[in-house]
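Following are the structures in question.
Heads up, the next two complexes both have chain A, just with different partners, chain B and then chain C.
For the complex of A and B:
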C-alpha cells in the first residue's frame, strides 16, 4: 500500500483523484462570484432528475460551524458569502459531466456588499465586518487561548513583551524602522484537492490527500455529531501539498453530499477552486530595531498584520509563529510584538511551507542590514555580535539549547566569499519554531511472515516518509530496512499522530518509533523469559534467549508501542513560555546582479546552511533542502495572487507563475550534522532565509525593497531614485 | 446545453464549409494551448469545436522560390528545431524557441498563435518584422494579408467567419535581425516586452528597417514612419536613440501582471537600443 520515491517517479502512484469505489458519483461545488454578498435566492428547479443538490438548508442537523482554531467556516454558505469562491451549493450526479451540467443550471441571486481586502483597513473602525460571531474551537489543534475581536476583524492577537518592551528604545543610540509587505500566494500543488466519502450506516469514511488525518477525524466527528470511532480517514499519497491539504478542505461538503445522495461521492477541485480553497498569508510587518553604536542590539518592535482571508483556519498559529520569528535569533533585552491574524474578504489562508517565517524573516532580516548600513558595520559582524548561542535567553524567556545559528551564518558567508567583497551579496538567518506542544505515537508489529509492520500516521506528500521512518525503525531494531514495511495510512490502522506539518515528523515520529522498538524488545524478552539486555537482534532473528536463535515469524503478533510527547507553548498576552522544543535553524547567502536597464535580478549563486542534527535519510535531507530553496526563490521573485477587488485574476497555472527548472540558478548547501543530536526537521528550514538574503544583496547595490515578491519594476524605480539623489 | 460537439474535418474545403455553416459559434482548435486554457478557466464555452488536427495540407515547412512557407499547423517546436527555418535565416527559429516550455511548443501552432491574436505572445512581433504574409482561404477564394494587418486588436483579427488561415509566407530573410524576449517572471512566462528588429544595410546605411514591439499593447507595434525615416542613414547611436525614444513615446502601453505601462515604456526603450546595437555587429 505504501509508496516509494520510485513509484512516484514512475507514475505508479494512485492519487486521490484516481481513487474509485463502485457506484461512486461525482460532485461539483458552485462558488460565489462576489467577495462579499448576501445570498438572496437559490433556484435549483432546472436541475435534471438524477442529480442531488445540497444547500445550507440540508445541513440543519450539523454543528453550525467548524474550524481548527476558530469555528468560523460553513460547509455551504448560510446566507452570506465572504470571498470569491466561497462554497454556496454542491451537486452530485453519476458522472462528472452530469454534475457540471446540473451546477450550470442552478440560479443564485446575490446582493453585493462592500468588501475589505487590505488587512490594515480591515482592523479600522467602520470597516465591513467579515464575521458576526467568532467562537474559538475546542479541537485539539487549538491549544492556546485566542483573542478574537469581531469589531476589528481580528481572529487572534499574539502579543509578546520582554524586558521593558518598546520602552527599551530609550537605551538605543541608533534606531531604524521600515514597513515590509508580502503578497498573498498559493501553494500551487500539482495535484489539486480531491476527496471521496461514503457512509456505511452512521459510519463515515473519507479518502484523499491530507496532512492532518487525526485533526480531520476529530473535526468531522464533531461536525456530523458522531463519535470519532465512526469516522475513518484514509490518506493517499499526495502530489504536493506544501500546507494546502491541512485541516478540513473539501471533506465536509463531500461527506454531506454523500450523506444526501446515499452513494459514495468524489470531488476533485478544478484548478480555479484550488486558489479559492486555501492560500498563503499576505502580510504587512512594521519593524523597528534599536542598537548601540557598537552594534549591540537593545530593542526591537514588531507590528504585524496577517491577511487570513475570510476564515481563520490556522491563521492564529501563523500570527504567533510569525510574530516571534520576526524577532530573529538574537539577544535583545527589550522586545515588543503585536501580531494580528486579520479577516478580509479573500480566500482563506493557512499553513504554507515556511509557516509565517518566510514573511517574518523578509522583514526581520532586512531591517538588520538597514541597521548595519546606518551603523557603518558589516552586516555579518552585526549578526555575529548579537546571535543567540546555547544558554542565551530568547525573547520568549526560554533558554536556547542545541543552537547553531552562528555556524549556519558562517557557512553561508564562507561559501559566497563574503569577506572578499560584499557588493551584490546578502545574508539572512532564520529561527523557525516546531509545533509545541506536540504528541506522536507509533507501533511496530511482527507479522506472520516475519516482516515488521510500522504503523505511523505520517502522510506522504513526496518527502520520503517511508524511506525515513522504516530506516529509523530498522536501525532501532538492528534489522535491515527491507524487513520493515510501512502500513497503510488509515486512522483505523495507525496510532495517533498530531499531524504531518511543521517539519516535525522525523523528530517526533522518530522518537516514537524508537520507543516502540524498545517496547517491542521488551515484549520479545518477556516472551522468551529473559531481560531485554540479554538479547541480540538481527535481520535473521533474535539470539540470547534460552534456546537456539528465534526467527522473526515466531514472534508474530507482538506489538511494540511508543509515544512521544513534548510540552510547552506561549502565553498569548505576554509571549512567554516555550515556543519550540527544538529549533529549526538555517541561513542563506546569495550573490546577485541587476540589469541596470530592466531591473531584472539574476541570482548568480544561492547557498543555504541548515542545522540537521543527525541525518537519517541523506537523499531525503538533500532533496528537502533543494525543494525548500526552490520554493524560496519562487516566493522571492514570482509567487503572488493578482487580486482585483477580491477577484483572483491569475487563478490558473498559465498566469500564476512558479519556478521552472530553467529558472534555477547555481544552488549549493550545507547540512550541518551532529550525530549526537536528534534529527532536526529539514522540510522547510531553507525556505525563509532565501528572499531576505536576496533583498539584502539588493540593498548592498543601493536597491532597498520592502515588498515581496521582488518585481523588476520596483527595482528599476529604486535604481532611478538612486540616480536622482 | 450538454457536452460540446467536436467536428473533425480532413480538408481545408471541409473546414470552410463548416465555417460557413456554423459561423462564429464554432471555435477552431489547432494545438489547443490557447482555446483549452480559455475553456478550462470558463472564459470560453462554445457549443461546437472544429478540430483541425486531421486536416491535410497544413503541415508543410519548406523554402520555395526563396520564400519560407509555413503550414498553419506547424508547431512552435518544429519552427525552433527545423534546419529549413535555420538555414532560411532571420530570427524566427530563436523566437519560437523562447515561447513557454517544450511541452507547450510541441503543441502550439504557427496558425494558432496568429489567429488567437493574444497580445502577450512572441511570434507575431518577429513575423511582422520579417514582413510575413498570412494566406487565408475562404468561400470567396484566397487572399494574402500582411501579418501586421492581420491582427487588429485584443484577440481580434481580420479573418472572416468563413475563412481559414492556411499558411504563413515569409518573402525573404532580412540581412540582420534579432528578437529579445523580456520576462519579468518565470522562464516559462509570456513576454512582458518582446522586441523584434530586422534590417537590410547597403554601404553601411540602412536600406530597410523594421522594429516591432510585442506584448506591450493590443497588437504588435510597428511604427512605419519612424522606421522609414531611417532609410539611407548609418546605424549610429544617435539614430538608435531616436528610434528607441520614438517608439517609447508613441506606443500606448498597457498594464498587466507582468509590468506597469510606465515600466514597459522604460524596458521597451532599453530593448530597442540593445536590439539595434545588436544589428551593428
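For the complex of A and C:
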C-alpha cells in the first residue's frame, strides 16, 4: 500500500472517511448537553421504522467498562453523563439524513448535578465525584501500577524523589517559585474520526483511522467478550491525528450499532463531536527551583495537576511523563515530583503531539530564566552549567547515554545570535521520553514476483512510514527501495507492534526490520545450504550459493521475522527506574518583538535544534520538524478551548484558532545527525521547547507570563505593571 | 432536483436533494479530492472551482452550481505546474488539505495581478494541521516563476 507524494497531491489517497462498503448504514451519536447529570428517561418511540436505536440497555452482555489505563469509559452512558458531549444514544439508518432525523426525535430527560471543571478544585474534599469506582485496566497499554483515588478524583498519582527531595532546598542560596497554567486544547485533525464496523457471525471487523490497532483489537475483544482472533482492525491512512486517534474512540459504539443493525455501520464525527471525543490536557504546574549563587542547581520540586476530563484515557502516562519532563535535562541532586492525573467534568484528554512535555517545559524551562534573572546570570550559561551529559544520572536514577542537549542549546543560541545581545530573545530545551517498555515486530516476505513485502503495523498519518521503513528494509537486504512494498495495515496481516505513538516507530520498527532482514538472510542461506555470510544480495538475486545466481522469485514464500523489545519503566511511588530507552532531545531559540500598546507579540525568527541520530528519510525528518514547530507556535499563541461551565464554546474551526500560513514567522532548524547512532524519534521533539522559548524571550523584555496560550491582554497587563515599578 | 454540471471537462448529472451542499453531490459523483473538514466554509479542505471561482463546497448549495463548470483536483494532471511544484517541494504530509491548497494556489497564480502579498493572503484560507505552509508557499512561488500557470489554465 504505497502512496506516493503525487498521489497525495492529486487527491488519489483514500482515508478512513472515504471508506465505503456495500450496504453500509450511517450512524449518529446523541450526546449530553450537560457536564454532569443523571439520565432520567430516554424516549425513542418517535424514531421511524427503518432506523436502529442503541442505548445502554442493549449492551447488558458487554464488559461494563473499558479504557486503556483505567476501565472508566462506557460505550453509552449507563445512568450518568460526565461531560458535555458524553455519548448517550446512537442511531443508525441507511442514509446519514435518516439517521440525523431519527436522532432529532429522541427525547432524553436529564437531572443536572454540580460539575467540577478545575483540576485543583476536583482534588479537594467535598468536590463532586466524577467516578464511583476506578478499576485499573489489565490491557497491554497499562504497563505500570496505578494509584487511583475515587475520593480525590485522581486517576493516577506519579511521585518521584531523588536525593533528599524537597528537603534539599536547605542547600540552596537562591530559590524561585512560580505557578504555571496551560489551557485545554484540541488536536483538530482536518479529517475527523471515522470508523466503519461489521460483524460476520461472531467476527468483528473494524476499519478506520487509528494509531493503536493492536491496543484496539485487544480492548474490543475484551469489551465484546470474544477472542482477539475474532477481531480484525484494518487501518487506513489518516488525514492527521496528532494523538486524537489513539485507543478506542468511536470503535465501540460503531461496533455495537453494527451488531444490533446487522449491517455495516459507519460513523464520521461531526466537527463538534471531534471536540467531545478527545483533547489535550490542560495543566497547572507549580515549580520551585533552588541553586547556589554560582548557578549550580541543588533542588527542584514539581507539583502538577493534569486535567484529564471525565475519562482517564492515557492521562496516567501524561502525568508520569509530564512529571519527569518538568525536571528538564539537568543535574539536580535533590528532586521531588508529585504529578496527578485528575478527573473533571470535561471531555476526556489523552495523547497529544508533544505528550505532556509541551506543558511541562512551559513551566520547567521558564523557571530557569526566572532563576537566571534572580542570579544575574546569562540563562544559557545557567543551562550549560547544569545540563546533563553522557554518564550523568537523571533524577530517575538512570545514566544518560547518547545525549546532545548541550549541542542543541548551542545550535539555537548561535542561530539567534544570542551572544550578540539577549534582549527579546529566549531559549528552552526539552527532554522527552519514548514509551518504555515497549515491543515491536516486523516481517519481510519474498513474494511470487520477487518483490519483498514488508509487514509493519506502523500507521500512516502523514509521517511517511512507508518511505522510512521500506528504505530501512531495502538497506538491510542490499536491494533498492523500489523492491520493497509495504503491506496493507491489518491486524490479520501485520505482526504485533505496540502502537504508532511517542515518536517510537522509526527506532523500534527500524530495529525489528533489521532483525527480520537477518532472519530472512538466514532462511535464504538455509535453503541454499550455505552460511548467510557467504551470500550477496542484490536487486537481481542472490549470489554465493552452490550454483549460479538465484533469482528472487525462487525464494518466494520465505519470511524473515524480527522482534525488538525494550525493558524499563518507572516505579510509580519513587519515580526510579528507566524512564526512556532513548531520549528525544531538542531546543528552541526565538527572537520576538512586542507592541507596547496592543501587547501583540511578533516572532521575528524561530529556530529549533533536534538530535536526530541517523536520519533515514530526510524529507520526513524535515517535515516532522516543520510541523512540530508550527504546532508549537499555535500552542504558544492560539490554541485554547473556551470553556464555560463545562460547555466548549469554540468547538469549531472558526472560533478554535490554529496556525494559518498568514501566522508563519521565519522558521529555521537544525537536525543534529550522528550516522553511528540509531535513528532518534523526532516526530514531536520540536513542539515542546517553542512556547517556553517564547515565554523566555518575553521575560527578557520584562513580561513574565505564566499562562499558555500567550494572550495580548496578559502581555499588556505585564507591560503596565513593569511601567509602574 | 436533477442537477447537471460539467465536472472536470465531462458532463455529469445527478439527483440532488433540496439544500444539499455541493460537496455532498461531488462526493456522490466519485470526487474524493474535496473533503469535509470544518463544515462551515473556513478551512479550505473542500475547495473546488465553480466557473473559475473558488468556492467552499461544504456550504455552497449544489443547486447554485446547475449548468456550471466545476473543477476539482481530479481534473488536474501530474504535469500541471502547481501540482509539479507541490510534488517537487514535498509540500504534503497527511495530504488531506493538499488538493484544496493546490486548487487555491492555481487560481491565485492564474491572476496576472497576483503578487507575493496576494499569495500569502490568498493561501491563508487553506488550513494545514501538519504544518506544510512554508513548503506550500515555496511551491506557489516556484509555480509563479515557472510563469506558465496562467497560460496553461483554461479561463472561464
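Simple rule for what comes next: the second predicted complex is superposed on the first by the 721 of 725 C-alpha atoms of A that agree within 3 Å, B and C clash if a C-alpha of one lies under 4 Å from a C-alpha of the other, contacts with A are read in each partner's own complex, and residues count from 1 in each chain.
Basically, a residue touches a chain if its C-beta (ideal position, glycine included) is under 8 Å from a C-beta of that chain, and two chains touch if they have at least 3 such contacts.
Bear in mind that the values here come from a model prediction, so they are computed numbers and not experimental data.
Judged by the touch definition given at the top, the superposed model places A:271 against both chain B and chain C. Looking at the shared chain after the overlay, A:145 reaches neither chain B nor chain C. Using the contact criterion defined above for the overlaid structures, shared-chain residue A:713 touches chain B, although it does not reach chain C. Legend: residue contacts after superposition of the two complexes on their common chain; A:374 is shown touching neither chain B nor chain C.
Legend: residue contacts after superposition of the two complexes on their common chain; A:659 is shown touching both chain B and chain C.
Legend: residue contacts after superposition of the two complexes on their common chain; A:531 is shown touching neither chain B nor chain C. Once the two complexes are overlaid on the shared chain, A:390 sits clear of chain B and of chain C alike.
With both complexes superposed, C is the one of chain B and chain C in contact with more chain A residues. Looking at the shared chain after the overlay, A:628 reaches chain C, while chain B stays out of its contact range. Of the two partner chains placed by superposition, only chain C is touched by A:15; chain B is not.
Once the two complexes are overlaid on chain A, the chain A residues touched by chain B in the first and by chain C in the second are 97, 270-271, 652, 654, 658-660, 662.
Taken together, the chain A residues at the contact with chain C in this complex read 3, 5-15, 17-18, 97, 188-192, 237-240, 242, 268, 270-271, 461-464, 619, 623, 626-631, 652-654, 658-662, 664, 667. Chain contact summary for the complex, chain B toward chain A: residues 1-3, 37, 40-42, 101, 182, 184-189, 257, 259-260, 262-263, 266-267, 270-271, 274. Contact residues of chain C toward chain A in the complex are 17, 32-33, 35-40, 42-43, 45, 72-74, 76, 78, 83, 86-87, 90-99, 102, 120-121, 123-137. By the touch criterion stated above, chain A contacts chain B in their complex at residues 97, 101, 104, 270-272, 597-600, 637-638, 642, 649-652, 654-655, 657-660, 662-663, 711-713, 716.
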